[in-house]
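The first chain written gets the first letter, and so on, giving A, B, C, D and E; residue counts start at 1 in each chain.
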């Protein structure tokens, strides 16, 4: 589960446009991967310094520069200067507490998203900022650490004739966003399985642990919501924008992507509805269980308390020798038998009463 | 009850426009039914291969090609190629987890809907994707399995002079959507009966089973909502669209259909309101019942615990021979009688107290 | 209380535009009343066949044809044919499960509304569909059964010089809708009295019956809401519409009516707020009562259970003859007196404890 | 507290535009006060007949005619005829159940508002309709009874050189509305004090009385909301309206007033949030108290019930003379001492158990 | 925690535009700081009289006049007259209960905001009004007392070459608002830590104190919401406004600021969601604890009450000498042993029963 808020303290009081890394340092050294391709050729390499990326700016082939690690801010400033990225955008890249957004500037487009990954060990959702700049012939993407959801995209590019190889940088950008949105569906599937699991448990054997699971799911959905709602605007804006960086053939794909985003939002909202329904069931189950406990207590107590009183009476020590008014039952031949009959009568009567009340 | 989410895992990482079947395979082989008609003639047949549908593309008569079974994706791709359907739309046809949508492309319109059917055995609502493509002289519809809500439509077409025989493919499309929306009313009727049933039960004899029913109804309404809200946009869009595939005479019918959809949405929302009201009643009934149980316990316990104490006192063994201060009541002539009078007084007094408190 | 939904089963699978009566048959025979008037003359009659209405179509005087009973669909189709009413509108007239709506067609306007009547016997709200067609010189209105809220309107028309006699058919239509909206205020007054009644009851003596009343009021308000919200659109549309059937002098009255409708909606929403507040009070009262019950139980039990234990001790039969360690209290001179002092001390101490806790 | 709804029964079935007094008659005779002023002179008088107001219609000085008492409808009709007020507006003036509204007619503007006054005796909020007509050189205002919030306004006019003396009738109208909105802040202050008071009480010593106070505050806020929300539209409309009766210099004041209204709405909504938060605290406090009660019961009962059983055992009369198997403890030398040790052990053990559970 | 409402009583009945100080007097004497700078030079001084600010009006350098203390209204009126500030705006400056707003007037812009500061001692949020006027070459800001969030801004100005030194007064204004919004993030961080703390506490050891904390956090979020929602409009308006006081280079920064504000709003709403989730957990935990208490009570009582009855029976004094029917068990050789066996059987049986019910 991601923390509620990134520590922004570091950025306070600084001049706007100052590039400051906000977030936890998750990686030691920056890690730069370059994929450069056109319809016929492809080159893939991992470089160690920012400067090695510079030549790709002017190359007519499409280049995807992916940078893992955002804490070396001078490096980011360097790349910003070379690729003409506005300082306010560099600030957004380094600030990982960013809300998903779309920005245009003279030399390109800037998009920031949340990449959600299910931690394979803990089964929890982890959030990572993924932001990228789209230039005429390149896409520069920034991640907090190594490991992402783009392996399938890379494999598609490596193949000799996929659509992506014949299209511009905007289609590559679309492909990246599409991979992230696709991944949201995976997250939702996981949550949907959790919901169904808890639902079954609640009906069969509710316990205090369910409350925590419900709360956690609620939190996860609040996070997804926060990640997805602004995404709608981002993708909708991308589709409508009159930018030279988005070409017409890509628009139909963006339309499709927009609809997927709507579907994610829809599903998140539906799940929120469901989860709040689960809470209702949980509370009712708890109160039902309580009811059951109370009934048993009531039945035992209401049967045996009067009987106890009866037994108490005949344990009294009134002096029978003083007068025959004092506890004559004790001296009767069948007194004890009568006592038992009376006790059974009272007990049985109350039993029938409870049966009628449907408490048994 | 449909599952919360379709497994989309299969589509992840694939190139957009790749046709992948998403859903459960519900039928063995594709099943193709063709109805071809104009004002004067009608031809109906079931064919076994996609290729047999090809000739109807250019025929000037109206053709309705209905395909049951979506798992043979190559077949769908074949039909897509022949009838010029965009690959992204083919993808949507095969992905049964689709949100209701309307898409236009050069050769026609594409509409995806949810067809809801009440399973006659379990009484549960089942959801099936129904999507279709409207061309100039044909409608090609896709279902997940055999069995639908269009029998009445087919019968109307078979009759010699219904309106549908004189109109274009758009009217046929309208007729199909109309049949599905009509069916929503049937579902709502079923739910309305369930609501009234539970309402009566809750007033007369509430039990834990009601909670489950209420939850299930809530879920059903969430599903209906998800199926119907986007439908409004779809039909509204169909009415307003400036497409060559929608002719003016059909528009008035679409307006009517739009209002039916609004009515379905209205009713779903009203039912949601009702169902959440039911939950309130359920919870109150449970707490009322608990109250009643507690009252009985309290009455019995508060009457008999003091009496038990009283009996306990006269069961004590203080030595009366030591002094006359020790339990002189035990040696009194009418001690036992007094005991009973006192017990009746206490019991009666508490009884009156409870009567006044309106607990009895 | 109206049922949750009209049985629509009959209309399913039929050709759109087929006139089918949906609803309960509430009257044996159709009942037709005609009022025909202009500024100087008035003619009122009850006729038995549709055909007798035909001449009024072309007469320049204003005619109000009111038809009670909708189950004779052929009659409705006949009148539709003569007065050029579109088949889809005839379908809406016969389908009493209609949502309030406004439709325009070449020969006039169509308006469907819900007329709410308080059943004088049961005190429940009953809903009836009231729909009418406005032509150039006539208004044809349709009701499910005899009995309506228009008696005052009729009396006004009968008077020699009311405004209605000098104005066109649109003003007559306005008058009818106005009478229905006026009646909504009457219903709201009844509900407001019920709310205040329950409010008083809840504060003074809450009981399980209140829950049912609250639920019923909630349902009634849901119905009113369903009847009134679309009405706003209908009247707003009527005011704005550029139709030849609405003349300027009537518009100011429609504006006034629109504001009344807003006020009805406002009041319904306020009442919904109030009713949900009542539920909160009810639940709190129930839980308060429970609390009180629990307190009495606790006080009695916590005082007498320890005392019972005390009495139990001195009822033990340890053999005092074996040693003087065994229950020496029993042989003491003032043992019994000390016992009572101890009991009073314990009881009194607990009493003070409860006083301090404010449980008494 | 104002009643939920005005009795509108009297207006039902009447011709629209009929002037009927709706509300409680709160005053015996109509009471008319006239203030007539321009930049240099001022005349103030109280007149007894409507006719005495007539001359002010044409006088170029600004005249404020304030009429207390609305039940003499013929008088209102008279003034309406003389000052050319539309009959529908006269109807609105007499109907005190009006929603705040703004109406324009040929000879002026009509504004209806709710004036809220805190009854100095009961401390409850009372609502009174305040409506007025703005003509070119006059403002005619209508109140239900004597006593209003305009004393400060009158004093300002009486001073020799306030802004109001140099401006037109629209500024006078603004001044009146401003005084009413200012008064809303006073009401809100009172409510805010109540909220803080209850908050403190709830934390320190919650009781059933709080529930009633919370409910009353909720009701008051519902009323304020109903009075204020439409006011926003009224004042916004006044600011934007292209009427000849509103002059530019007044607009900036209307803008300011509009913002005050927004602030009132904001505060009402915030208070509603707060009050519903109070209900949550109240319910939790009640349930906490219940918990505490239950804990005491449980502790006492669980400690003494087993001890009672123990004492009961040694009160049994098994015949020790039959065999040494029968209750040998009774004959032991330190039996009684052991009994007490055992009892203390059990009691102490349970005490420690409860301490650990944090119930003590 | 700020009070619910400022006492506005003082302003009631006054002429609009009258400058009245609304709020608590938090400082003795007005305190005026002036920073005057251009790209090359900077002058900083603290002055004691308003008149010393006058010369800066016409000076071409940028001047920031910051005034702490609003209770000396004549001083504010003086400055208003000299700098041509509209009286209605002066009224807003002195009224610290203002809603955040943006106003334009001929000589500049007026902006009012809420500055939130966490009191370092109590840890509570304190609210202070910060309003300022932007003229062509000056910004005059007003605070209630000394101490603000602008120290970092002042330090930046003092440096020799920051952007602010080269830009106009609008950029200075932006910088001030930016510092306030940045501070909101600090507040949100504090709240987020509180939420996580309470979350942990609720899961591990819930207590009545949590309720108060939750309520306080709710209140704080209501305040933040009230401060931030209108801010969106203010900054959005500032960005879009066609005013001569906002220059194009500043707009991109305003856009950025606008997005930060949206993020604050988003976070506030998310936190509200979270906090209401916490309340649910709290209530459930309380009810779970209650359940546990009830179970212990039930188990002890249901085991020992029947056993107590059993012991009571054998404490009865039926005369065994009368007949062998009377309590023959007492005279049996192993009677006492059998009694214990029976008691263990009953106790063990109930224990197993509870185990099965999962109450243990």
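In this section, a contact is a pair of C-beta atoms (placed from the backbone, for glycine too) under 8 Å apart; a residue touches a chain by one contact, two chains touch by 3 or more.
If you're wondering where the values come from, they're calculated on a predicted model, not measured in any experiment.
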Q) If you check the contacts of subunit A and subunit E, which chains show up for both? A) none
**Q.** Copies subunit C and subunit B - interface residue numbers shared by over half, same or different
**A.** different
Q | Centroid distance [mean C-alpha coordinates] between subunit E and subunit D, Å | A | 26
**Q.** CA centroid of subunit A to CA centroid of subunit C, Å
**A.** 41
Q: For subunit C, write out the residues touching at least two other chains, lowest number first.
A: 287, 290, 294, 297, 301, 305, 308, 312, 315-317, 327
**Q.** Category of the chain touch graph - line, ring, star, complete, other
**A.** ring
Q) Beginning the circuit at subunit A and going via subunit B, which chains come one after another? A) A, B, C, D, E
Q) How about subunit A: which of its residues touch subunit E in the complex? A) 3-5, 7-9, 11-17, 86, 88, 99, 101, 205, 208, 211-212, 215, 218-219, 222, 226, 279, 282-283, 286-287, 289-290, 292-294, 296-297, 300-301, 304-305, 307-308, 311-312, 314-317, 320, 327, 329-337, 339
Q) Can you list the residues on subunit B that touch subunit C in the complex? A) 151-153, 155-156, 162-164, 175, 178-179, 182-183, 185-186, 188-189, 192, 195-196, 203, 252-253, 256, 259, 262-263, 266-267, 270-271, 273-274, 277, 280-281, 284-285, 287-288, 290-291, 294-295, 297-298, 301-302, 305-306, 308-309, 312-313, 315-319, 322-323, 325-327, 357-359
